[in-house]
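Two complexes follow with chain A in common, the first pairing it with chain B and the second with chain C.
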Partner chain A sequence: MEKRSMKSWLYLLPAILFLAVFMVYPLIDVFIYSTEEGYNFASQTYYGVGPYNYSYVLHDPYFLMALKNTFILVVITVPLSTILALLISTGLNSIRPLKELFQTVYFLPYVTNTLAVGLVFMILFKKTAYTDGFVNLILNWFGHSSIDFIDGPYWAKMFVLCLYTVWVVMPFKILILTSALASVNQEYYNAARVDGTSRFRIFMRITLPMISPTLVYLIITGFIGAFKAYSDAVALFGTDLNAAEMNTIVGYVYDMLYGNSGGYPSYASAAAIILFAIVLTITCINLLVSRKHVHYF
Partner chain B sequence: MEKQIDYVKIERAEKIRERVLKTVTYAALSFWALVVLFPFYWMVLTSVKSYGSYNAEHIPRLFTLSPTLQNYVDAFTTVSLARYFTNTVIFTVVTTGVMLVVTVLAAYAFARLEFRGKNLLFTLFLSLMMIPNELVIITNYVTITDFDLRNSFAGLILPSVTSVFYIYLLKENFEQVPDQLYYAAKVDGTSDLKYLWKVMIPICRPTIITITILKAIECWNSYVWPRLITDDEAYFLVSNGIQEIRENGFGRENIPAMMAAVVVISVPLIVLFLIFRRMIMAGVSRGGTKG
Partner chain C sequence: MKVVLQNLTKKFPGRDRKSRQEVVAVNHFSFEIPDGKLIGLLGPSGCGKSTTLNLLCGLLKPTEGRIFFGDDDVTELPPENRGVGMVFQNYALYPHLTVKQNILFPLQNLKGAQRPSKSEMLSRAQEAAKLVQIDELMERRPGELSGGQQQRVAIARALVKMPRILLMDEPLSNLDARLRLQTREEIRRIQRETGITTVFVTHDQDEAMSISDMIVVMDAGNIQQIGKPQEVYDDPVNLFVAKFLGTPPINVFRGRVQKNQLYIGQDAILDIQGVSDQEVTVGIRPEGFLLRKNGRLRCTLSGVEVMGRDISVVAAHPEGENSSVRAIISADSPVEVSGGEARFDVKPGKIFLFRRDTQERIYFQAE
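Moving on to the complex of A and B:
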């Protein structure tokens, strides 16, 4: 028996090694880093232990900007993409011809490189000396003057960022919601139809409660994903997000670690832990709220 | 006498309403399909416009009458697109390969073998799924730098291998294989490793293919870790390559060549998706996260 036990551990050894070195140790280490004051990356020395790193990060105007941008992004994109995905999935489930084709098309953004397609969005929205870009062309048709969405006013940039984020996260939501909607027992609908219930009422009273667990799952993962937004912003505005006023919390962490202002793993750790705390809090609130409203069958 | 209910009329009204609803639904769905597809169309379109004609269009044109492939030539000759491409292929294949070996062995141990502390260890594994990447990436960056592995494939690959979730997914699948097969194989004197190779893996092939594809997509699109760990162009992956091209490549204004590079980068995954569409979509709904 002892020999067999040994063998099991042998099978697990690679996984345990990888996880220990690249997940468990870093997880402990990041908390240690975040408390080491004045850490020097080159000599790997520090002169004290305390909460200074957190206080530095929380007073850093760049961090506050990143915090603000991330919150705006979350508040706009999570509800918008969830509602939009719900509408599209409901539509998808009510048709038969072309359904597969639509589903395939809708899924495409999932398998594309965020950086690459972000570049296309940038070109669609960018105003240069040569051309105002495609989106401005449409704006002009409606009699609106051209806006520079990439280097222009704050809200124009935020608009593009939100739009691109929604575009990127939709495939996952549509996929999950479509299969959730399809799995609702048809008999409930038949019963409601016999009673002459209106479509809207059927949706509110049958569909929504039946898929509410899936919705909660999507909202929670949506919040988590949106709080970690970063590469979408890089794709649109380039690597120097601070200059573009479009940095996000994750972007701040990486900038602190590496890049023009980099070399401060302590500040990066503190910022990452603050982000983790925010995400954890929001997730707990989501779970608490949903417990009151979700129907589990 | 009571007024008779005109059933014909009601039915007709209902039919019209049905048809209007269908039309609106199709219109809305087509609109979203257009929103999804338009960037792809624009990317291909721009990539076949010549440099001169693109820059001459103050009002962008929605089609071109004189397509050219010159931009694709430029994309491969002016910048090191071929190298970014090769790097990404190496990175994706090796990372996915190592991940598969590690995952299959671990999932097999959890599903099939008996040893002390199995449940405790599995719970520990599961709890690791909640750890966000942003939290561990900082120390990993320091570790890799300390080991002098920056700008190397080892540095790129090693921290990207682990995926607790895939171990979990595969373990669940392994457990569905009937015990009798295992006992029969044991009676015949088959070793555990041979049983895993000859019985478990063939039976669970769909799940293994699914996690392979999901991991490959993840590798192909990874940006953050490669950006942290490479600053030598010789080790850039496509995501970093595209960022590099954007900031220093071709000269800022050669957008058609940039779009050609974007097309080249996007095509492999789109082809993979069209081939394995069902498997990928089923796999993502079981275990994907993005957004």
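Moving on to the complex of A and C:
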């Protein structure tokens, strides 16, 4: 028995070492950084240990802005992208002709580079000397005046950011959901049809429970991904996100480390730990809620 | 409810890229199922029996022909309006619902005036569960039930909406041998108690023979023979039916008729009338052999298997289609074999002649 457990520890050692060096140590280090008050980057010294960094970050208007942006982004894009992906994949699953073509089309954004997608959105939304952008052209068509989506009002920018995020995260969800839907045994649908079940009821009472594990997986990873949003905002609004009022929590962490106001690893660490706590809490809530509604077979 | 199939045909488009030839799964079926009977559709896999069942329940639309339930033409009706209950091969019980919820499911689909009150739904579900003897298991989920119990739940779910016709696709194929015997009795009992016209599909002739009022033997999309199980067994119309029914299977020999004598190899085994001289295929049921010291059919003895009630004599004959000839004789009669030779006489009623070319039955009179 003793020998066997020694052996299994030996087998686990590479993974444990790797995780310890690259995951656990940095995490602890970040936590330690976040408690070191008055850290001086040049001399690598600090005055003492305490919660001041957290207090600073939580009172920093830029952080509060980033927090607000991130929450808006999460609350809008996660449900929206999941529901849209569910509808699209259900549609994809029920058509026969051109199914492969549509699947490919819907998957394209996933294999496209974030910045390239950002460029496309620029063409759609950005005002230049020559044009107001494609979307504004359409708005003008309907007699609406142009809106500056990139440098204009907050809600317009947030709209573009949400749209962009939904557009970028949807393909993966569609891919996963399409395969989950396809794996539901056709016999259940036949049985339901013979029993005269309406399409809506089939969807709610059979399809959804059958794919619930996949759905929960997508929702949890969707929340985590949305909380970590950063590159999407950069692709749309450039690197000075504070000025654009479009910063996110990860963006704030980055700025504190390397941005114009950079050189504050303590504040960055504190913000990172706060983000970690938020994500952990939300994920736990997700798991608790889903336990009641998920059916594993 | 009487069920009538008229000239029913189902063709599927060819999947093969090269040939694109249509597959005729069901070829001009016409037969009538009398009210309140248990009918077995019997045939090897790919013979179109499941397609026929799906046509009956409406999951498939026929290419040609019509289906009547009683006097109603249901050919164009979708499955939900036909009033059929279906038991699927893998039961298709919803795994996330309890037994009770599964049984209630069809009732909850009903709308308007048809929809029973909540308490009535519950009492009907309870009644259906009682009929199939699973009323103790109502709160379990399908995953927590044995195969036989799942089967019963599936039957209860099909019966709860009081269908006009009950359809079962290979109802016993997922059960082990012991449970299969028990469940087929159960199906028979439930069918008798409810009096619902029931059609079931099976590839197992034992299953079909033992519980059906009538069997429909099918092969390659064509009906071969319809009739009461014993009649079909005793009077097959062609070689396929003769071979398909019976365990152990019928023994097939190459033979010929010459001057009112039936020959297998060099042995004239039977005097017969009414058949012109020709090459024939001879089928002899295992129970059609009589072991005799000076029997007319000489075979090489391979072994004797004593199985309690019966004795199975395994022999070989050069003209036999299979390597071994199996004769079943009663254990009371003494087995006398000597010198590695087994000699048999045959019972005229247990021997069938078929044309070599069409494999159709040739009728004869024995002397």
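Rule of thumb we're sticking to: the second predicted complex is superposed on the first by the 272 of 297 C-alpha atoms of A that agree within 3 Å, B and C clash if a C-alpha of one lies under 4 Å from a C-alpha of the other, contacts with A are read in each partner's own complex, and residues count from 1 in each chain.
Methods note: contacts are C-beta pairs under 8 Å (C-beta built on N, C-alpha and C of every residue); 3 or more make two chains touch, one makes a residue touch a chain.
Note that the structure is a prediction, hence the values are computed from the model and not measured.
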Clash or fit (per the criteria above) of chain B with chain C on chain A: fit
Touching partner for A:198 - first (chain B), second (chain C), both, neither: second
Which superposed partner A:102 touches (first chain B, second chain C, both, neither): first
Chain B versus chain C as contact partner of A:33, first or second or both or neither: first
More chain A residues in contact [chain B versus chain C]: B
First, second, both or neither for A:210, with chain B first and chain C second: second
Three-chain overlay, closest Cα atoms of chain B and chain C, distance in Å: 5
Set of chain A residues, in rising order, touched by both chain B and chain C: none
Partner chain C, residues of chain A touching it in the complex: 185, 187-188, 190-198, 201, 205-206, 209-210, 295, 297
Residue ranges of chain A in contact with chain B within the complex: 4-5, 7-9, 11-12, 14-15, 18-19, 21-27, 29-30, 33, 41, 81, 87-88, 91-92, 94-95, 98, 102-117, 119-121, 123-124, 128, 130-134, 137, 167-173, 175-176, 179, 221-222, 224-226, 228, 230-231, 234, 238-239, 250, 253-254, 257-258, 265, 268-269, 272-273, 275-276, 279
Interfacial residue positions of chain B with respect to chain A in the complex: 21-22, 25-26, 28-29, 32-33, 35-37, 39-40, 42-43, 46, 55, 57-60, 101-103, 105-106, 108-110, 113-116, 118, 121, 125, 128, 131-132, 134-143, 158-159, 161-162, 164, 167, 192, 217, 220-221, 223-224, 227-228, 238-239, 242-243, 246-247, 253, 255, 258-259, 262, 265-266, 269-270, 272-274, 277, 280-281, 284-285, 288-291
List of chain C residues in touch with chain A within their complex: 57-59, 78-81, 84-86, 88-90, 92, 94-96, 105-106, 109-110, 143, 157, 161
